[in-house]
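Just below sit the structures, each encoded as structure tokens.
Look for chain A in each of the two complexes below; its partner is chain B in the first and chain C in the second.
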Partner chain A sequence: MSVYSGGRCLQVLRSQKCPTKHLRQYNKSAVGVSEYTDTPQYPPILDKSKRATWQRRKDTWHHNINNLATVEQKMVELNMPKYYGYWSLRFKDVQPNILGDDFCRYATRTHIHEEEGGGGGLPMGYYDDVRPQAETLVPLVVDKVEQLIDLNFSSNKIHRGDKPVRATRRHQTENFLIGLHRVIAGTLGSVPHIEDSMLDLRPRVEAFWFLGGIPPDSMLKKTKKNFTDTKEYENDPIDRPIQGTSSPVLGLRVTDGLPEVVPWDDPLATSATLPESVLDPRAYGYKFGKKHATTVTGFWPGERQEHTQLWLHNQDFLHSYKLEFGEEAARDGLRQKMLVASFTQALAHATYLGFGPVTELTYPLVQQSAISDGQHWNLSVYQLNTSTLHSHLAQDNPRNNILWLSEEEKLFEAVEDGGVKGLNTSLLATIIAMYLKKGVPRENPTPYLAPEKRLHQHPACEEYRENFLSFFHDVLSNRPRARLDPEMYLWEKIYKVDFKTRPFESPKRFFEDHYNKMDPGKRRLDDYPLRYIPKPIRKNKYVKFRPRVHSEHLYIYDDHFLVKRHYPDDEKDKSH
Partner chain B sequence: MRGTEVLLRQHLHRQFKTYWLTQGRRRVPDTGAEKLLAAKGIPVVDPKDILTPPYPRQPTLELPPHVPNQDGVPRNWSISDKLVQESQLEPCYVFDNHFCPVMGLPQAQLLTNTLVHWSLPQAVLDHATPTTPHEDDRVKEAILHAHLMDSTQSKLPRILDVINRPGWNDRIPYGIPLSRSNKTLTYQLLLLLDQMCGGVTTHRMLAENAISRVTFRHSECLMQFEHVSGFVVSSPHPLPRVAGQEEVANTEREPMPDIYPVSPFVSVLPPKTQYNMQDQYGVSVPDLYPHTVIIHNNAPRLRCNSEGFASMTLMFAFSHAAAFARMLGKSDTELENSPVVVQVVNCNRQQYQLGVLQLNTLDLTRSDRRNLFWTQPWQQLFSSCTFKAALPVLDGYNPEVFSLLKGLHMQGLAEATELTRKEKEVEKDGKGDKV
Partner chain C sequence: MSTRFYPRYHLGNPQLRVFLPNFVMKLIKPPHPQPPNVATFIVSTQMTKFDIQNYLEKIYKVPVASIKTHIHMGEIKRSKVGGYLIKDDDYKIAYITMPKTETFEFPDLYPTEKEEAMEKEMNQIKLLQKDWSKKIQQHKHRPGMPSWFGA
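Entry: the complex of A and B
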């Protein structure tokens, strides 16, 4: 592939010795800048303590991410500090923990609004404008829904081969949900936002965020205690990266996002009851794993329908959860699933709109979800008011998120040879109301993205845009590494680190003191040896190496690799 | 490839062999313990007097009879049943999803006793109205989403370019598997079609991954079609017959292709001795008639040409129609009056083939009446769907495919609305309140 071509990117070079050298050379403005002003412009007095310095570094990084033009660039910059991926919490919606309720609410900063004693937990008055219309549409779908239930849930009508009981039930539920959506969407085909919608079937939905206020573990405390600089910060709470996953069966996507349920100044959104602090997530039974920060929402950035009207989930995970923890734990497991799934979905959408784990929202995002096994239904509405939960914002945030979870309702009592008994038309009306709820177009929906929004409109050349997109897809693809990250074996820890009993062994390993000592945790994503360009295929004979990935300019040349400091000429060296 | 060093490698098998040889030769030396103990007055006994000698293993016990599974679903396969069935079952040619006949469409015709007309029925073509720009936009969006913008990243089969780059292993591709993109696109197109019909077709039921199986005796050979379809769209009303009784009677005079000396059962695989004997239709509800069978051909590189593709379309359509007729217990005379009509859509990424089959007879050796299949040569829905400088681009979109799909989707509607109207009238007269 040809690697160098014209474009503004070539003019920006990375100089390790003097960061501003290139600015001095290229930043020649036509008008001379006066050195004198009327009042002295003193620079701000910075707090030089370690804590403040670390916070400033974080803030600068967040500020850089906020200023990037597209979602792809923001995601790559978010992954930039970690070449081997973040050591992040595996926060899967289908793996609730028996002790995890408090942690889930803290990690997503969500207040669960469950009304006790009937009436359903869904927000009062949110569906008032669409409920009457939904009730008139129910008679049109009742027969078809009954037929769907009869087809899928009475004994073995659709043959899919001999499968275990649980797989059969899962297929039945998924087929029912797919059929139900088809019936409702077909009946509501004339409604503009349904007509214009796009459907995701079993989409991959993941979201990444930083959670602050977590107490450090003993290993981290020991490292801090052993150094004079960091001794006093031994017990400071830390940030943990969290990788959330949601696994819906269906996602109905529309162009406009749902209107807010409660305004931002409502007490439910600002001062609801939440857990004040948590333990290390591993205390609740969660596990960590190394993974790149992945935020996807069923599609790559660039689709027209960016908001989701409704997500439909399967209750399959509850089967093994109930076997392990009993029937009484079912409600708790369901609550955790809806919480994690809703937050992940909402945050993934927020990230695609330019907000994210380090960029605060400017308007709330609302998600509707329903979880069912065909017969038992739980509906939920989620309002995302804050997406930044890092540092002090996990506990000290002016806003919190809200989840409304309804009581469990049955869609039908039983299905026999005679037909379906006891179809719950009221529940059907609520589901149709969820479809009918119309989104509102926002003024300035993406304040943190460039007006053009898309990567293909970046000023860099075509080749850079293509390669950057492939790089972005690769990083977010969960593909395993071909070459494993450096590992200190246990015998090395014993004989080389803890009790140094091999004095004549040459220090060649990555953790040993020599010229090439490296900490794998500190290796950045753009810290890789550049590919050499053989002389016969070079366009410019002085440009020996390919450019390096960069979140702002997509790819840039390394200053010190260029022979004789010959900067490639844009016009002359354009690729074909 | 791992960059880590191998520290100490030993061949465990050789090590084990060496130990076995050397240690096996060891003899227990006389330590003098026996004499010492006897001198001290402690009784010493020969181990052979206490321990029983090694005895030969007992012959294998007969397995207990097969217990049905806890869920109550009867299974044809069990260990004891299999062994019994193997000796008793006649060898049967099983044609499954992957079977592509060597001799192409003529072979499929001979297997299914079908005549092929190379144009879709007039009723379908009449309803295949040209697409509006709005419809085109929606379909293009659906294609882009299913084949490009879906964020699933799964490991894809490696495709090696042996001619231009021999011995070169490309990086393992990750992306959207074909099974997934076919399913997403088909479902979205069905939703679009339902919307365009104004929601009148929502009474049709959808079944995913249904398996249809039907066994036939065809000129001394036993053959079975076992097909897994992507989607089966079933309707409460049957599709109207396409060819009238006269046309069906005329099929006697039309010549069937002849592939002599090749037998219609020529196949890469030999006939099976273990197969499932139970016939079934994927959606075993007698009130739901098959409307459209949508086949997802998920081969990443299609190994057959246009004719092979057409033959697979025909066999799929036939297997579903025949399985349905078998389920209802229809005889040939009943089929004469009300033949089973099934529509089929076969898709593999861009290639789409549509067809309509009318099942007139289940007797595959019959020459006075044959089944009829209307189809068109396959068409491409689009030619390529890729990112070009980070811009999603769809090239070569062909609007004709969607208009033909519309034509297929509209079949069975007029009759349905007529029947529904009559049903409502009857109910009104009968009961008065209920609608």
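Entry: the complex of A and C
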């Protein structure tokens, strides 16, 4: 791969980056631009207070992200402010907290709708159109399902000791769920959207968002309290980045997204009761960690099947949760798991459709999930109505999300030598109905993405597009950095920062006062030393270093390399 | 459950039972705001989560759902005598989560209005002290002179 591929990129990017400068130097028109208009065009009067300035800066950044053309560019721009990653909340679906109920609902802005009886908690009437067809298909599937249950749960067929070890139990459940999917999808092979679907096994599903309205902690308050400008904002609520993780066993992807369960003007989607305020998440038992803003859905942008028909989850985490907190806490743990998993899945899909933590949805996204350990099943439907939860939107949002969670049902009573006893055909019919529910094509599915939606349509040259794509994959890969983040050791904090007991030691560390002092928290993703281009392979002898990563132009040359020397003459350098 | 030596365990020994633990658990105001069913204690660094749970449940009959502990490093400061650095002892802080039906709020021992009123009184006393020391200066070179003579 060539190190520097072409002045063509140089020309295109130079004009894109500083068009007026280019015009100023090379395009002095004889006809001046008129400065007079009929009515005075005053600029808007801006609020100069600190709070308004900070909000304006945030809004400008969000506006820039909204205007980027592809998902890859948006994700890179979202990660741009932090070279070493965001100090984000680890919001894992398989690690519910005993104190976490209220916080989960606030952090995902979700109302949990649990109905007694009827459809067992699932939205009434959502499956009415597919239920009759599902019930006719149940007899075709019953034999195979019974065989599958017998294979996986009969005690004389599984090779292990008396008590199931955790890994064995997890594998057993996963094998059963994958087998069940194969049986049902095989029977429904003639249904168009199932025939056209893609399957993801154990996909990595993560989503990143900002949550507003969180009270600042004591250290943050100290940074504002001691200065006259910022003293009054000491107790202002702040935004915290949250990294949600979902760990499904499998996801079935289709081309069209599911239709909405309730319209946006329904009271369930606009005025449901939610917690008004929360404490710092660490008070509920959650932990923070440094991580890049990772949003992955199990497929990369550009796939045709961008919506998920059904996610199947494993109930394995509940075993240790029940041991620690008792049987009564089991339902709460399950609720938290489905809430976090569904929101993460929905937000990850939304981000890959061009919406995201700073870009509001234009239509609702619906997710169907089921969580099971083979015998006990809980079904759920989730409608994502709002994806932006930063700043005041965590509390003042006109819309909220909704989770419908069914009661627990058993698929079968027991497995004996004679076979499976008490197969629940009604539950099987509901699961088949979930497969049959057809998606609805939207007229403008990706209003915030360019029509082509793909990075390879970007006007930059091929080398830049390839490098940017691998850069994007690296950032979202969760791989640890080869070089460790700069760290202040405890002894340095005591003897150099808090109490200066070493006056004659030369200041060489990154946090000490010298010309190269750096704050790792403020280092941006594009703040790295550029690679040198050796003279023999340079196309332009004045351009000594490679271009820097940029979210809009993919790669862009640093200004001072182009301005200090003269611009290469486009007419003369025709060798590239 | 105690700072005394425990007898070494060998296979077949009876379950160790400590009837008079000499640990003390101090109930404190949480350093950071906590949910309503969480109580905060400072405990001995030698206590484990099981010790804390047994202490509360067996002696005080307080139901405990979950416990989180961490050892907080003692404050480092300069000595007033020599200016060298000294460090306070580390202490273990335990956040006890009770079932949702139980709530506990640490009482407000220093309400802000009373604090402000006390501060006002102290300032007035300081002003009076200043006036008094000024008045004394008048008769500095005349020891024994009564203060009700003029100027």
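Going forward, the second predicted complex is superposed on the first by the 519 of 576 C-alpha atoms of A that agree within 3 Å, B and C clash if a C-alpha of one lies under 4 Å from a C-alpha of the other, contacts with A are read in each partner's own complex, and residues count from 1 in each chain.
Everything below uses one rule, namely that a residue touches a chain if its C-beta (ideal position, glycine included) is under 8 Å from a C-beta of that chain, and two chains touch if they have at least 3 such contacts.
Source: prediction; values computed, not measured.
Visitor: Using the overlay on chain A, decide if chain B and chain C clash or can fit next to each other.
Guide: Aligned through their shared chain, the two binders fit side by side on chain A.
Visitor: By residue count, which of the two partners contacts chain A more extensively, chain B or chain C?
Guide: Of chain B and chain C, B contacts more residues of chain A.
Visitor: Can A:F325 be said to touch chain B (first), chain C (second), both, or neither?
Guide: second
Visitor: For A:L199, decide between first (touching chain B), second (touching chain C), both and neither.
Guide: So A:L199 only meets chain B here.
Visitor: Touch check for A:W61: first (chain B), second (chain C), both, or neither?
Guide: Neither partner.
Visitor: Does chain B (first) or chain C (second) touch A:F545, or do both, or does neither?
Guide: neither
Visitor: State whether A:H171 touches chain B only (first), chain C only (second), both chains, or neither.
Guide: A:H171 sits against chain B, while chain C stays out of touch.
Visitor: In the superposed arrangement, does A:D498 touch chain B (first), chain C (second), both or neither?
Guide: A:D498 sits against chain C, while chain B stays out of touch.
Visitor: Hey, in the superposed model, what angle do you get at chain A between chain B and chain C, Cα centres, nearest 10 degrees?
Guide: Computed from the C-alpha centres, it is 100 degrees.
Visitor: Which partner does A:D280 contact after superposing on A: first (chain B), second (chain C), both, neither?
Guide: It touches chain C, and chain B stays clear.
Visitor: Looking at A:F511 after the superposition, I want to know if it touches chain B, chain C, both of them or none. Which is it: first, second, both, neither?
Guide: neither
Visitor: Looking at chain B versus chain C in the superposed three-chain picture, what is their shortest Cα distance in Å?
Guide: Minimum over all C-alpha pairs of chain B and chain C: 13 Å.
Visitor: Quick check on the output: what are the common chain A residues between the chain B footprint and the chain C footprint?
Guide: On chain A, no residue contacts both chain B in one structure and chain C in the other.
Visitor: Would you tell me which residues of chain A are touching chain B in their complex?
Guide: Residues 72, 139, 141, 143-144, 147-148, 150-151, 156-162, 164-165, 168, 171, 174-175, 178-179, 182-183, 185-190, 195, 198-204, 296-300, 302-304, 454-456, 458, 462-463, 465-466, 468-469, 473-474, 476-479, 482-484, 487.
Visitor: Given the complex with chain A, which residues does chain C contribute to the contact?
Guide: 31-35, 37-38, 65-66, 68, 76, 78, 85, 97
Visitor: Provide the residue numbers of chain A that touch chain C in the complex, in ascending order.
Guide: Those in contact with chain C are residues 98-99, 215, 217-218, 279-280, 282-285, 324-325, 329, 494, 498-499, 501.
Visitor: Once bound in the complex, which stretches of chain B touch chain A?
Guide: Residues 1-4, 70-71, 73, 75-77, 141-142, 145, 148-153, 155, 172, 174, 180, 183-184, 187-188, 190-191, 194-196, 198-199, 201-203, 205-212, 228, 236, 280-285, 288, 387-392, 435.
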